[in-house]
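Two complexes follow with subunit A in common, the first pairing it with subunit B and the second with subunit C.
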Partner chain A sequence: MKTKREETKKMKTIRLSAALATAIAVCAGMAQAEVTLSVTIDGNQDTINMMDALTAAYTAANPDVTFEIENRPGGAEGDNLVKTRLATGEAGDILQYNSGSLFQALNPAEQLADLSDIQSNVIDSFKPVVTAPDGTVRGVPFGSAMGGGIYYNKKIYAELGLSVPKTWDEFMANNEKIKAAGKVAVAQTYGDTWSSQLFVLADFYNVQAAEPGFAADYTANKAKYATSPAAMAGFQHLEDVFKAGYLNEDFGVAKFDDGVRMVATGEAAHYPMLTFALGNIKQNFPDNVNDVGFFAQPGPDAAKNGLTVWMPSALYVPASSENQDAAKAFLAFVASVEGCNIMIEANGATGPFLIKDCALPADVPASVADMLPYFQSEGMTAPALEFLSPIKGPALEQITVEVGSGIRPAAEAAALYDQDVEKQAKQLGLPNW
Partner chain B sequence: MSLRRTAATRRNTGLLALAVATVVFILPFLFIFLTAVKTKQEAALLLFTWPEQWQLWQNLVDVVKTRNYMLLLAYFNSTVITAGAVALLVIFGAMVGYVLQRRPSGWNRLIYACVLIGLMVPPAVVPTIWVLQGLNLFKTIHGMILIQVAYGLAFSVLLYRGFISTIPRDLDEAAVIDGAKPWQVFFKVILPLLKPVTVTLVVVQSIAIFNDFTNPLYYLPGKDNVTVQLTLFNFQSQFQSQFNLLFMNILLVTIPPLLVFVFFNRQIVAGMTAGAVKG
Partner chain C sequence: MASRRRSTYPYWFVLPAAVVFVTLFLVPTVASFWFSMTRWDLFKAEFIGWDNYRQFFKEPFLIQGLVNTLIYAVLTSATKTVLGLLLAVLLTSGLWMQGFLRSVVFFPVLVSTIGVGITFAALMHPTKGVINLALGYLGIDGPAWLSDPALALYSVALIDIWKGVGLATLIYIAGLAAISPEYYEASRIDGATRWQQFWRVTVPLVRPATVTVVTLSLIGGLRSFDIIWATTKGGPGFASDVLASVIYKQYQAGFYGLATAGNVILFLLIAAIILPLTWWFNKREVDL
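Entry: the complex of A and B
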């Protein structure tokens, strides 16, 4: 549309001045080779920083490729928007969106272009979460992996002489001491309902340690939260911390921002959260960045303590894009060591990147340094359930709020969640449901 | 004695009403303003406190400059959409309302049913986009104007029809006897009389269209097509928000509708009640 309008304008100019006409014709000839890629990303500041840095670097190296970056909302509104745009063929040339079960919900085999040929630098553990049902890889990783676990305030730990817990019992013993010292042991923020799911979702490493086949059995309708003691432990943990009175007084209305503030400034000792909270701490409490540490959610066995990992979002090329080749070339750049270094530079290191040979700088914040050992030894990490199974019940956050507020007992909640999941599995048309 | 008491009661009721109005209308606005002038760290607490450090100008400049002066472009786009859509709504709403009210015929029931359907049935997004794509109107400002007209027309037809029924038919007849053609009757006699209800419609619809968020989000994608409500996403996301800039943006976005409301407040109420007397 735009170029057409420009051309009509140019036509007028040509009539006006013959001398100008030649110059414009040269410009128009050059404009033919230029490509403008439209990019849709979510509005997180980290995402914007990374994409701005990447596109600027790429345009500097390839002056004929320019970018138009558009922000979209996050959450449920964003999901609707992305699906609407894909369905109407208006999703632009590059799309940033979640990997894992949300990616599967996009109908990737039809809506997204095959990116299998630009995966040479991508670490293998990422590929399954952007693989369409037909086995082709449709995305490249964008940003760093996140861990789900528990942030703790190092000052409180030092003051009370506590050590990082390896088992749930040690964790609860720490909590008891913190409570005895008159401090809030665990911050919970059910005002943002999604934040209530952490104890259940971040417990998945422990579930898998106890029942290695849980994810597959769960997808095949053979394993259930209510009948698997290991899986139910997550719900039980939520109930336990509430019953013991370890929570902050305003846990029912507090928001994610409050939780971050509490653990960063030492109002609370623990806050179960994903590691992206670091960005928030950096922005709002820059002086406290190194007061905050991080550990994986402890399970029953100290020997089997590991981290549940959330894969970063990915970049995709919609199948309807008219500039697929140019878009793919850019994504290959993003998935290279060079692209990875640009992302680290833009945002600082918030977690490990999923690009081969992309090392983090030495001076990472304390909570990231706490997280790295899990990635460095084999078998200390497990992807969260939502990356292994397409099933995630829509009502989990409401159920975990109920359990965490003492409204519903853990066993009943697990059974209710199993029912909730059933609806989604049927919607996805999975066999055996 | 009793007279004085009623005066006292009246005053007290007045004061109470004022207090309630302050809490309901002024306090939220004050909260927006105070948060908008705070620093990033202070604003993140979301507390109703006096700012320790005033950053009014700094925040204002930051918001306006964000993403290459996106807010200014958004103001322009929103103004064009609002002005265009409201102008069409007034003209078409008045015309349809006039014909519906003045010329009883067998079709009226059907037309009226269509108007009510337009008011009640929620529009579906994806088919609407298909229609727009088919007409080459998708991602264009005039396409967005037509969408807003389509969504608002039913309401304005109802409003005009109600109001026109209060205008005596004698006026039309007098004009016809004086030799006016039908279009002259409408434009020269009726339309000027519709001023109160037109002001109401202009205010109500322009605020609704200016503040519309979902429709531009779905029907008007593209970086150059941004509208003011969509600029809020520059500062707000699921996990990390810059509340000082977000609230400054809200403040800036709130000002134009607020001005409209302040200046036309009396006419709105007059127009609403004038149309409501006779159905």
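Entry: the complex of A and C
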């Protein structure tokens, strides 16, 4: 991978000097024929596969457009890098980044180019999560929608005769049996702090099932985590699995990759995670892909069991880019059926795509097969809160580590998070705060 | 002195240094006071008065971060001072392979802090780390060094001490070399034991080195960031957060005004601790 990138860089220099020579020789006008677009993406294996496949296909069809791909870190470190580069006008030509509340924190109306005219193939439900406050659409979807829930090891479930839980109590009963059998019931990986947020964030289907107006009230500074029993439940779950002793011994330092390994190989029975983890399972444990199943985070009521959904990240064109037209043309290609098919080919089916007429193949891994039914019936999915409200407190991942490690009780943590949310809302300059 | 005779050099000689000082030090310092009073997204800065300072002191993790900063600074500084002096005495006493041993003590100072942090994070892993595996052979159940909230800060302080004690030792070795052997000779004739020599001759006369070591290590401890970020990132939760890591997290989250206010507070805190300390040290030096 690295050598390939280095080569592209060398090529770029050669190209640039060639272009420069042409420009000098034949005067201006000729140089714009060839263009190198710089692309910044996160370091997930799936992301890399998709971008490599898309850019290769695009260059094959348009030999005058080449790409220079750079990986950035994820999590808070990545947020920092993206914001700083945007603010200093050094974000390149194409940027891959979260949609939803994190997108709103980028100050999209000023920082990102308007992509409203290349949305014809994009499914409507995606557009709001990349729409700037001024109503213009600033991104195109990249990858498939994800579910937030719980991966489980099918072999352990078969061995102990367990069935997929529909309520939180059933889930805890399963955990008790798994623990009694001498196994780790729940893998947690607080060494990657972001991974600690799942029980809170993936509980949002259950929150909105109990309080349909929560997202709007939360944005309007009326609903709070600490005072809404439904919203508090996620924090309580974190505390409960810790107190019951269901966690792996090294939960405090284990990383995301460890969590994936544990649930894939049967070291642990459950791992709460977003479904993008499938990419890592396929990459590192190809023999175990079908040992891993997936279910939505169960709530209080078996009749209201549904999935919290994450929109895919998006590709944006920074307003500071000097190659906006070429970048937009590529993004239009990504947001086409052809682009969508290339992404499916690169990673297999990881979940539903947000492009019209882009169908998934019939043969999908077990955990995807477990997830798709939620999307196929009405009312079985709800977007995560970060796609319904622009506010997400930046300290949530530390707070959830505290609750999940028994440092802070759930109720206190929820109140603390409310303060964090207030800070973010003020920074965004929202009304009512 | 300047008032008694005319300066040897014309004033414009200071111009290059003055330009560098003003643009790179003075302007940013003044600007940071201004930005700390704004809600700032690197583009627009909206003046909000003291709100950032109010917010910063309202941060629930801040008080803990402040306490942690002081614990960390005092603990690392005190240990480095005591250990540094003892090691320096040992390493100037004409040991076998003294030069080699000196470089061994100094070596960790040369290693990259981030590298040290990553290495120790692996060594201190609760189940797979070398430290706990070794303790396991001795029949001791090692703790979760970096993920136990009660222990994390002290584990990081331990790493910092390991890494920094070499510099303190080096300064003390230089300080000891400056003490004239005549003092030891005179005290020996007076019948002083080695113990008395250490307390009555070495410790008082090595004072300039002590002042340097304490001041440097205290400032280092108060603004410590890299080793904490490389090992615990302030965690678990906020258990090993210090002022600098709290500030960095505000910056990461895009609260640039708030982060700047935090930096101003850190600046004032360091000044408030170090200024009286140096004054006190200097006063004592005159008394001697």
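To be clear about the criterion, the second predicted complex is superposed on the first by the 400 of 433 C-alpha atoms of A that agree within 3 Å, B and C clash if a C-alpha of one lies under 4 Å from a C-alpha of the other, contacts with A are read in each partner's own complex, and residues count from 1 in each chain.
In the analysis below, contacts are C-beta pairs under 8 Å (C-beta built on N, C-alpha and C of every residue); 3 or more make two chains touch, one makes a residue touch a chain.
Just so you know, these numbers come straight off a predicted model, no measurement behind them.
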According to the stated criteria, A:74 is in contact with first (subunit B), second (subunit C), both, or neither; which is it?
first
Based on the superposed arrangement, let me know which partner A:42 touches: subunit B (first), subunit C (second), both, or neither?
first
In the overlaid three-chain picture, which partner chain does A:226 touch, first (subunit B) or second (subunit C), both, or neither?
neither
Just to be sure I read the superposition right, which of the two partners does A:50 touch: subunit B = first, subunit C = second, or both, or neither?
neither
In the superposed arrangement, does A:95 touch subunit B (first), subunit C (second), both or neither?
neither
Identify the partner contact of A:107: answer first if only subunit B is touched, second if only subunit C is, both if each is, neither if none is.
second
Touched partner set for A:162, first subunit B, second subunit C, both or neither
neither
Check the residue A:87 against both partner chains and state whether it touches subunit B (first), subunit C (second), both, or neither.
both
So which positions on subunit A get touched by both subunit B and subunit C?
77, 84, 87-88
Quick one: which bits of subunit A touch subunit C in the complex? Just the residue numbers, please.
76-77, 79-80, 83-84, 87-88, 105, 107, 110, 190-191, 193, 249-253, 394-395, 398-399, 401-402, 405, 407-408, 416, 419, 423-424, 426-427, 429
Which subunit C residues qualify as touching subunit A in the complex?
39, 41-43, 46, 55, 58, 60-61, 121, 125-128, 144, 146-149, 233-239, 249, 251-255, 258
Residues of subunit A touching subunit B in the complex
1, 38, 42-47, 68-75, 77, 81, 84-85, 87-90, 92, 255-257, 261, 276-277, 279-280, 283-285
In the complex, the residues of subunit B that touch subunit A are 40-41, 44-46, 125-126, 129-130, 133, 138-140, 217-218, 221-223, 233-242
